[in-house]
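Scrolling down, you'll hit the structures one after another.
Common to both upcoming complexes is subunit A, partnered first by subunit B, then by subunit C.
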Partner chain A sequence: MMSFDVLFNQFLSGIARAALLFLVASGLSLTFGVLRVLNFSHGSLYMLGAFVTYSVWKVLLIPVVGFYIATILASLIMGLIGILIEFFLLRRLYARGWPEQLLATYAIVLIITDIVKWGWGGEFLSIPRPPPFKGAVFLFGFPFPSYNFFVILLGLILVIVLWWLVYKTRLGDIIRAAAHDREMVSALGIPIPWLFTWIFVLGSIIAGLSGAVTAPFGSIALGMDIEIIVECFAVVVIGGMGSLPGTLLGSFIVGQVYAFGIMFKPELALAFIFMVMAAVLIIRPWGIFGRPER
Partner chain B sequence: MKKVSIIILMLFVSSLLVIPMGFAQTKPAPAKKPVSKEPVKIGAIYDFAGPCYMYSETGMHGLRIAVEEINSKGGFLGRPIEVIVRDTEGKVDVAVREVKDLLLREKVNFLIGPCSSGTGLAMQVVHTEYKTIRISAIANTEGQTVDKFSPYFFQVVPNTYMEATAATRYLHKKVPTAKKFCTINPDYEFGRREAAAFTEEIKRLVPDAEILYEAWPKFGEKDFTAFITAIMAKKPDAVHSSLFGGDLVAFTKQAAPYGFFEKIPFIALYDLPVLIALGPDAPEGTFAFARGDFFQDPNPKMMAFVDKFRKARGTYPDGWAVMNYDAVYLLKAGVDKAKTIETEAVVKALEGITIDSLRGTFSIRPLDHMGTVPCYQGTIAKDPAYPFKIWKDITRVPGEQVVRPEASVREIWKKTGVVR
Partner chain C sequence: MKNRSWLKKNGWLILLIVGFLIAPFVISKFYITILCEAMVMSLFALSFNLLFGYMGQLSFGQAAFYGLGGYAVAMLMTKLQFNFWLSLVAGVGLASLVGLIVGYFCVRLRGIYFAVLTLAFGQLIFVIIFKWHDFTGGDDGIQGVFPPEYLKSIEAYYYLIFFVFALSTLVLWRLVNSPFGQTLKAMRENSERTEFLGIHIARYQLIAFVIAAAFAGLAGAIWVPFYRSVAPSYLTWIKSGEPVMAAILGGPNVFLGPVLGMFIMTFIHAYILGFTHFWPIIMGTIILIIIFVLPGGILGFAKEKLKEKRDIQNQEQVGRRSG
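After this line comes the complex of A and B, so read on.
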C-alpha cells in the first residue's frame, strides 16, 4: 500500500533527525567515555550555543557567510565556558560519586536557563536558513530540504574527525587509555587534569556547534535544552555510553524508530524509542557497543 | 588563590541567579497617589519557564499597564492595587504551592493567570477551595469553564472549543471543497481539545469529511520533518493545527522547503510573536488564527493602548498583553458594580456583566463564566506599515457565535458531576 518513494522519503526524514541527534549526543558520549561524568548540562550548552549564534548573527548582519561565522564563534565561546565549568566545578568532583556530579551539572542547567532568560528574555527566535541551503533538492521526485543534507554532511564530518582523533592519533591513544585506566596513564607522567579539561572543552564545542546548526533548522527557545538531553540519553543508552560507533548506531535507531513511528502510529512514536531503550537495558545494560562497568 | 577564584565564581553565579528573579518577583505597581488605604492585592501567577516564559512576560506587561492606569485614577474603590507576582516554573506542584502561599500568607484578593492549561487546572482546585476569584487571560482549556466548572473562575481568553470552531469555519470558508483533512497538534491538554473541536466542527460543516491522519508531536518538538513527510504522503485537501510559539516557527521553517504551503491549505496559531520570529520565512497566503494581537482589531481603544505599550516597551503589543489588560479591567468592572471587593458579591456582579474592552465589547456568560470574547482569523500577508508580516482578510468572530451551547455544556456537566 505504501509506495517505495513515500517510505524512502520517511527514511530520509529519519536520517536527518539522526544526524542532528548524533551531533549533540557525540559530545555527551565523548565526555562520558573519558571523564566518566554524566554531563546533564550538555543540552544547556547546546541551547546557549543556539542563542549566542543568533546574537552574533544579528550583530554581524553579514549576508551569506554571517551564519557560518556566528556558528564558529558560538562554538568557541561554548568551549570557553566549558573551560570554566571543568576548571571550577567538575575537576573538584571526579573523585566524588555520581549523585554529586549529576547534581552539580544539573545546577549548571538551572544557571544557564536563568542566564538565557536574563540575556534574551525567553523569547523564541529564529534564523533563516543560510545560503546555499535555503531550498530543496529532489530525490525520486520528492523534495528534500537541502539544509538537512548540510546537517547530515556535518554529522559525517564529525564522525570522521572524532574517529580519526580517537583511533588514529597519539592523543587518541591517551584518551582511550585514560578511559580504561586513568591511574596508569597518570603514572606514565601524562597530566590527566589537563587532558580532562581539553576533552570537556571539545565536548562543549560540539554542544555549541550542534546548537548553532539547529538554529536555522527550527526555533531557538527556552526548554530546548531539556528536550534534547532526554533524547540524547536514549541514544547513548541504546548505543553504549562512551562509544563513538555506539552513538552513531543509537542516533540512527532513534531517528528511524521515530520517523516510522510517526508514519504508522503517531500516538506512540515517542513511546517506541523508550521501548527500544528499555529492551536494550534489559538485554545488554551497557548498550550495543558499550562495555560493562568495571 | 584557589579560594579567591571560587568565591568570585560563587558571587558571579549568585548574582546571575538573583538578578532575573528580582525582575520577575517584586516590582509593585507604582501608585501615583500614595493612598493611605490598605491596598487591594492581585496575585499574578504565571509560568516563567520553557515556552510559557515569553507569554507570561508579555502578559505581565499588559497587566501592569492596566494596573498603573487604574491606580492613577484611584484604584479599586479608592484603594490602590498591589500586584504580587509568583512563578509556577511550569510545574503543577509548584503552582499549587505558590497559589496556596498567595492565598494564605499574602492574603491576595484576586488571582490572574496562568499560561499553561496544565497548571491552570491544578490551581483551580485550590483557589476554589479558598473561595477566591481567578481570571485566566492565557490558559484556555475548556476544562476550566466546562468540565471542571468553578464558580470562582472567569475566562477572558477564547477557550479551545471557541477558538478551534472559529478557525475551522474560516478554513472551510477559504477551501469549501476540502473533504480530506490531516491535523497536527501539540500532544497535551490544549492540543487534544483543539483537535477534538476541529473534528466536531468540520463534520458539522462537511458531513462527509474525512480525517486521514492525526499527528501528535510533543510540546517543544524541534524536528517536524518526519511529521511533514508523513502528512504530505497522505495528500490531504487541508491541514488544521494548533501548533504555536517556537513549535510553529520550527514547523514552518521545516515544511517550507517541501513546498508544503504552496501545496496544502494550512491554518495554525500564527500570532504576532510567531510572525515576528519568522520574519521573511512567514508563509504568505497561509491561514492564521489568534486571540487579539493589535493589528487584528485596530479600534481606537486598541490603538491608544498600542501607543502606550510602545512607549513603555518599545514593541507592539500581542494578544497575550491585550488579554491581560482586559482581565484587570474586567475585575475593575466587577468591583465597581459590586461596590465591594468581597468575593461572593464580585462573583454575582461579574455574572452577565458587559465590558468595553480592547477587543470590543464582550460579556461574561452567567452559565459557565466564559467571556464571549472574539476569535480572530486571517491570511498572512505583507504590510508596508510594519517591519513584520501581518494578516489580510481578517474576520472577527464574536464569542456568542462559537461558544459551546448551553445544552451541550449541561450534557458534559451531567458526566463530570457539576451541579448548577
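After this line comes the complex of A and C, so read on.
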C-alpha cells in the first residue's frame, strides 16, 4: 500500500507542474478569450523565451540576480515579438475565417523553430537554479526542490494578477465585454484593434515569462514548444477555452494526472491526460467552464 | 461530336496518365522516388481534404492515421512475417478502426475545437507509439520492411503506388460527387439547415472521418515497404501540418488542389534539401504568402480567373445577340 508521504510528494510535484502549466496556458487562454484566435505559436514564444533567457543570463553572468534580470528581459522581448506578430500578421486576418488565423500562427511556429535552430543549434542547454532556490526542502523526509515552490508562488501571483485584471479593472470590464460581444464594445467607442494588440502582447509576455522560469527546471531544447502547447491545449480544452477559472482547474487536473500517472506507469503519463480530456469532452464538449460557440 | 468534346475536356487527364505510365522509362531513379513520395503524400492530402475542403473541418491529427497504417504494415511484416497484401489491408483496417474511435469524439465539435481535439488525439497516438519501446521500437522505429520479391525494384513499386493512387483518387472523386459528398458540402455551408432536412450530421461526419482515416492509413501502409522503414516522426503534428499546407497551397475547394500542392511541396523539398536543412522556415513563409496573396490556393485562383473570363465572354455574346 502506498504510504501517505509518497502520495503527498507526488501531489506536490503535481502542483508544481500545474503551476507551470497555468503560467503557459493562461496566456493562451487569455488571447483566445478576447481575440478568438487560437495561438499555435504561443508555445514557440515560450521556447524562444527560454533560449533568450539562457543567452542573456550567459552574457550577463551577474551572480544571484542574473537569472531574474534575464527573465524580465526575455519576457519583454517576447512582448515586442508579440507586437510584430499581431500588428503585421493577425490584424490583417480578423476578417477572414479561423482556419487562416490558425494557419498563420502555425506558420510562425515553423519559422521560430528554424530561428532557434539557426541561432542556438540543436544542443540541450541548461541554467542552474537561481539563488535562493538552489537547495531542497524536506517534507516528510523527502527532498523537494525549493525552486518548485518559486514556480508555484509565481503561478499564484499570476492567478491573482490576472484575476484582478480581468474582474476588478476597467480594462477587465472591456476584456470580458469584448469576449462576449465584440461589435457592441466597438460601438461604445473602444478601439478594438488596440485592445487586441495589447492582449496579444500580454499573452506573449506571459509566454516568455513561463519559458524563462522553465529554463532552470530541466533542459532547454528544440521541441519543447510542441510538448508544452499540446499539454496546454489539453488544459484549456478540459477547463474551457478562454475561461480563467477553467484554465486554473484544467492546469490542476492535468498536473495531478501527470504526477500520479508517472508513478503508475511512466510511459503512459501523457496518455492518461488525453484520456481525462476525452472523458471531460463526452460529458461537457465545451470544457468545464467553457461556453458553447458556433 | 460529343466524343470530341469529351476528349477536349479530359485530354489533359489522359496525357497525365500516359505521362505517369512512361515516366520510369524517361526519368532517373532519383526522380522516380520523388514521384512516388509525391503520389503517396498526395493521397494523404486528399484524405485530409475530404474533411477540410468538403466537410469544412480542419483536422490537425491526420498524420496519426498515416502513421498507424505504416506501423501496422511494418509490425505485421517484420514480427509476424505476414503477407504483404494482407498487411496493407490490415493497415487500412487499423487506421479505420482508430478513426472510428477518435472520430466518435471529434465529430461532436466544430471549428477550432475540432482542430484542437484531432491534434490532441493525434499526439496521444504519437506518444503511445513513441514511448512504448518494447512493442513499437520507440524512437528507433522499425527497419527492414521489405516488399515481396516482384515489387523490390523501384520501377515495379512505382507502378503499384501509381495504381493505388489513381484508383483511390477515382474513388474519392466519385465519393465527393455522390449524394454523400453533396451532403458533406451542405453541412459545411449550413449545418443547421442540413439538420432540419433530417440529416444526422454527426453520423455523416463520422463516416467521412473514418473514410479519411482509411485513405490516410492506406497512404502510410503503401509508403512504408517502399521506404523500408517507419519511425514515430510519421505521426507528429508537423506531419499532420503537411496536408494542411498542401491543401491551402493548391486550393482546398478544388478536388485536385491538395495534389498539386503536395507535388509542388515534395519537389521543392527534394530540391532544397540539397543545400539547406532549414525547410520549416521556407514552408512557414510560403504559408504566409499564400494566405495573404493567394487566398483560395493556386487552383482556386486559376478557377476564379477562368470563371471571370467565361463570364465576360458570355456577356459579350449576349450583348452581340441583343444588339
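Following the convention adopted for this analysis, the second predicted complex is superposed on the first by the 292 of 294 C-alpha atoms of A that agree within 3 Å, B and C clash if a C-alpha of one lies under 4 Å from a C-alpha of the other, contacts with A are read in each partner's own complex, and residues count from 1 in each chain.
The rule we apply is simple: contacts are C-beta pairs under 8 Å (C-beta built on N, C-alpha and C of every residue); 3 or more make two chains touch, one makes a residue touch a chain.
Remember, it's a predicted structure, so these values are computed and weren't measured experimentally.
Asker: Will subunit C clash with subunit B on subunit A after the two structures are superposed, or do they fit?
Answerer: clash
Asker: Counting residues of subunit A touched by each partner, does subunit B or subunit C come out ahead?
Answerer: The partner making contact with more of subunit A's residues is B.
Asker: Return first, second, both or neither, reflecting whether A:282 touches subunit B, subunit C, both chains, or no partner chain.
Answerer: A:282 contacts subunit C only, not subunit B.
Asker: In the superposed arrangement, which partner chain does A:192 touch: subunit B (first), subunit C (second), both, or neither?
Answerer: In the superposed model, A:192 contacts neither subunit B nor subunit C.
Asker: Looking at A:111, would you say it contacts subunit B, subunit C, both, or neither? Reply first, second, both or neither.
Answerer: Both partners, subunit B and subunit C.
Asker: Examine A:270 and indicate which partner it touches, taking first as subunit B and second as subunit C; both and neither are also allowed.
Answerer: In the superposition, A:270 touches subunit B and subunit C alike.
Asker: Touching A:128, do we find subunit B (first), subunit C (second), both, or neither?
Answerer: First partner only.
Asker: With the two complexes superposed on chain A, say which partner A:38 touches: subunit B (first), subunit C (second), both, or neither.
Answerer: Touch status of A:38: second partner only.
Asker: In the overlaid three-chain picture, which partner chain does A:233 touch, first (subunit B) or second (subunit C), both, or neither?
Answerer: After superposing on A, A:233 lies in contact with subunit C but is clear of subunit B.
Asker: Per the contact definition in the header, classify A:98: touching subunit B only (first), subunit C only (second), both, or neither.
Answerer: Second partner only.
Asker: After superposing on chain A, check 44-52, 134-142 or 314-322 and name the one in subunit C that bumps into subunit B.
Answerer: 134-142
Asker: Do subunit B and subunit C touch any of the same residues on subunit A, and if so, which?
Answerer: 111, 113-115, 117-118, 226, 267, 270
Asker: For subunit A, which residues count as touching subunit B in their complex?
Answerer: Listed in rising order, the residues are 2, 6, 9-10, 12-14, 16-17, 20, 84, 88, 111, 113-115, 117-118, 121-126, 128-129, 134-136, 143-148, 214, 216-224, 226-228, 258-259, 262-263, 266-267, 269-270.
Asker: What residues of subunit B sit close enough to touch subunit A in their complex?
Answerer: Subunit B residues touching subunit A: 5-6, 9, 13, 16-17, 19-21, 23, 48-51, 53-54, 57, 213-216, 218, 220-230, 233, 245-247, 249-250, 253-254, 257-259, 273, 277-281.
Asker: Please output the residues of subunit C touching subunit A within their complex, sorted ascending.
Answerer: 52, 58, 105, 108-113, 115-117, 119-121, 123-124, 127-128, 131-133, 236-237, 241, 244, 248, 277-278, 280-281, 283-285, 287-288, 291-292, 295
Asker: Quick check: in the complex, which residue numbers of subunit A touch subunit C?
Answerer: Interface residues on the subunit A side: 38, 89, 92-93, 96, 98-100, 102-104, 106-111, 113-115, 117-118, 226, 230, 233-234, 237, 241, 267-268, 270-271, 274, 277-278, 281-282, 285-286, 293-294.
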